[in-house]
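Per-chain residue numbering starts at 1, and chain names A, B, C and D are given in the order in which the chains are listed.
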Amino acid sequence: MHIRSLLYFLGEALKSIVRNGWMSIASIGVVSITLLILGSFMVLSFNVALFTQDIKEQVQIVLYLDETSDQETKLELQRMLASHFQLEEVRYVSKEEAMERLKQQLGDRAYLLDGYNAEENPLRDSYQVRTKIPEDIPIVAKEIADYPGVGYVDYGSGVVEPLFQFTGLVRWIGLAFMAGLAVTAIFLIAHTIRLTVYVRRKEIMIMKYVGATDWFIRWPFIFEGLILGFIGAIIPVIVIYYSYQAAVLWMQANIYFIPLIPPERIMEEIVKAIIPLGVVLGVLGSSISVRRFLKV
Amino acid sequence: MHIRSLLYFLGEALKSIVRNGWMSIASIGVVSITLLILGSFMVLSFNVALFTQDIKEQVQIVLYLDETSDQETKLELQRMLASHFQLEEVRYVSKEEAMERLKQQLGDRAYLLDGYNAEENPLRDSYQVRTKIPEDIPIVAKEIADYPGVGYVDYGSGVVEPLFQFTGLVRWIGLAFMAGLAVTAIFLIAHTIRLTVYVRRKEIMIMKYVGATDWFIRWPFIFEGLILGFIGAIIPVIVIYYSYQAAVLWMQANIYFIPLIPPERIMEEIVKAIIPLGVVLGVLGSSISVRRFLKV
Amino acid sequence: MIEICHLYKQYVHNEFYALKDINLIIDRGEFIFIVGPSGAGKSTLLKLLLRETLPTRGSIKIFGRDLTQLKNREIPFLRRNIGMVFQDFRLLSDRNVFENVAFSLRIIGTSSREIRKRVPLVLELVGLKDKAFKNPNELSGGEQQRVCVARAIVNRPSVLLADEPTGNLDPATSMEIMTLIQDINIRGTTVIVATHDKDAVDHFQKRVVVLENNQLVSDQERGVYFNAH
Amino acid sequence: MIEICHLYKQYVHNEFYALKDINLIIDRGEFIFIVGPSGAGKSTLLKLLLRETLPTRGSIKIFGRDLTQLKNREIPFLRRNIGMVFQDFRLLSDRNVFENVAFSLRIIGTSSREIRKRVPLVLELVGLKDKAFKNPNELSGGEQQRVCVARAIVNRPSVLLADEPTGNLDPATSMEIMTLIQDINIRGTTVIVATHDKDAVDHFQKRVVVLENNQLVSDQERGVYFNAH
């Protein structure tokens, strides 16, 4: 394309946007609103994912040592655990530490355990084991139960499985909603741009009748779609950025225990998804729509 | 309106819907899709509300009795609790029962408490108290702590407050999303119908030029909006009904511990919200849009 | 019937007047040709009579009502008494020829039976009986113009305004249409025709009003086209 | 230049032919009037030459190319060599008169400087110099028609097709526009004018092709309108 034509097409696109007044604003509005919904849902969804991840990571395996095994076996067990590729963290908890924790757990009823002391501690030494992927816990637990020197293994079976199912479900609902919203955004934006092109079908046909090539007609529409899509994508990104920042500040001040993805990191994801979606949809929407009226 | 005119207007509306082909389908599509998003979110939101309600209702106050108080005071306390208007349930837990529960709680470490028996039980008798509105717990707890014969009161303070804040937040996010979606639906539907009317602005003006009254022109558009809005609202209701039913069945089979609102009850809410919204928006959208072009 | 008094019309954004100081009285049952070069203001005059636009200054009365005083909701009832053949046709492109013509009757609540009787008659008059169920954009230019004539006369208005009703017609068909309009005039309708059709103007020997440079320059009983210049 | 051989055209949904067995050869530089009653097929013939529609049967050649064989992407280049005055004007209502005329130049990549030079010249020729920055719907019928003529001639096409170029013009302006078209013809452009303008046909004494009942019934050098019937 000549630089002269490029400027002409760009100029035509801008003129057309201005000329169409409320229709342009409405197109931008539709793009913005659909992408705003999509974006907000992405933010929500990412944070829920982080939250469920957080919960899942608190699940761990407790591996009680067989008191009767010798030092050799204990070292062997430690080596085996350390080299297990699925494990993230292996922490040794002596029975003294375990007693201490249990007392903490009982809170003001800790006096119930006052009868026990360093010599007489019926608890066992144990390892607290965390896997890299929380979902691996049930399998890994079964595996390490057969290691030498292991008394028995506890990972809250019967509770962990439904928990994982639940967090999985949450993720699926989030993904389904996001996919649904993306499809909706695509449909709505394409439809709006199609209607605005439809309004101008007569102009397009006239251009063809006086000898304009398809591309000559198409370029201004492509630029117009690009500009509308870009503006329509920028707006929700800005809105989301500021409102999410405000939300994070408020949450940190009030509900401290919920983990939140920092605005900067989440914005990267949002920008990467929303801006190209808006631009691509604007361009595709308008050029595909124009095509229908070029056949004369 | 004469029955003859009514039939004519209805006929015109139907003809127009057929004549506009893809534009009618697209309008119905936009109405359906926006209401589908809104509806799905309502379903999700209601269920989340139920779930958080469920969690909140598990929060309770444990009121330990003062061992030293006499029988008289104990009865007085029981009477006062029974007549407290904010309380939903008051359950007496003897120290024997409490010991039994604690053992259960410790699971395979219950042997630690084997030293205690019926005669020697250091635990205290208590009341488990549930309030009608879970959010009242902190206040009620403070109040009943001063009742006669009360040793001390425990309701997990420091955990309960953030929990309530969190569930409150979830509800607010849900409401905000729903309001946002409703506004979006209104905007998108009105905008789409406006565009389809805009496409026919020339026809509207011509009608005025040959002497049609505003209402003569408007009625077919109103009926058209009504029909499009109604069809566009029926579709998401049906889609939501069947997919929610399927979702409930699947959930009950797989993740049994999540409470779900039965399809019939939730559909009532959905139908009451979605159908009128579609119809009203269709009618308003088209009649307001026509107005712009009647001024000639 | 029609009284136009010191009428001025200036369109927005225009520095000149489309009509300047027009005075014209037209009696019931008259037949008037309005002639003049392109851009002289003929269509503007007809548009003012249909209350499509308002005058900038001066008064314009029709049926004894001053159009500048007319309320918005009265406009449709004015227009129903005026049949108008538009220079740019203004046919409803979303319905066929029959429905376009029938529309004038539907808005005044004519029964379907009556419509099915009268519309074919009128279409026959303009020579379009066999095109009744075509869409306007499937017609030739002249055919569209005749549909427009049919629509204007089907509800027997008391005034017929025709803006270039034969611009797209061959001389023979033109003469037929003009004769048809004359017939309608003879039955009592006041007729105002803006036209460039020299032959028709010369042939019918009616009153001729000449606009030039947006002013009324001549008004003759039994005028002819060339005299006007 | 143009060779039409046993050409038939039937529009979809129509039971009759809009053109039946047309044979016509037109040489480079000729000036032809096509006349005939409304609905005879004049516009259809011009539409076929512009490849706006395809013939049902027969062949139609222009610039040595058979239009029925033309690929879609070649159509614009055909149309750039043909200036067309449409019966229904077809002006771009979203841009002003200047841009409407300039459009014919823009699509062939003419520089802005050249456009600013040529467009006012052409607008002057058709007498619309002072309406250059008006929107088409702010113009009278005749003015719109002249814009259409201006657009058709501004890029000096080798063929000029004019469908009723004076239908909305008064006799004086008509004659000016027809003379303008003749001038263009004298400079080498082949001209085909479909018209009902008896005066022009009679005055210019050019070749006259008569369509009647959708058939070619007469083809005379130096013909006149009435002879044709």
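FYI, a residue touches a chain if its C-beta (ideal position, glycine included) is under 8 Å from a C-beta of that chain, and two chains touch if they have at least 3 such contacts.
Quantities reported herein were computed from a predicted structural model and do not represent experimental measurements.
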Farthest chain relative to subunit C (centres taken as mean CA coordinates): A
Cα-centroid distance, subunit A relative to subunit B, in whole angstrom: 24
Whole-Å gap between the CA centroids of subunit A and subunit D: 62
Centroid distance [mean C-alpha coordinates] between subunit C and subunit A, Å: 67
Subunit B residues counted as touching two or more neighbouring chains: none
Residue numbers of subunit D (touch at least two other chains): none
Overall pattern in which the protein chains touch one another (line/ring/star/complete/other): ring
Pairs of chains found to touch, sorted by chain label: A-B, A-D, B-C, C-D
Subunit B-touching residues of subunit A, taken from the complex the two chains share: 23, 26, 29-30, 33-34, 37, 40, 44, 102, 108-109, 111-113, 115-116, 122-123, 154, 162, 165-166, 169, 173, 177, 180-181, 184, 187-188, 191-192, 194-196, 198-199, 251, 254-258
Contacting residues of subunit C [partner subunit B, same complex]: 50, 52, 73, 75-80, 82, 84, 86, 90-94, 103-104, 106-109, 111, 151
Subunit C partner contacts - residues on subunit B that touch it in the complex: 2, 4-5, 8, 16, 19, 200, 202-203, 206-214, 216, 296
Subunit C residues within the subunit D interface of the complex: 11, 13-14, 35-39, 42-44, 87-88, 138-143, 145-146, 163-164, 167-174, 196, 198-199, 225, 229
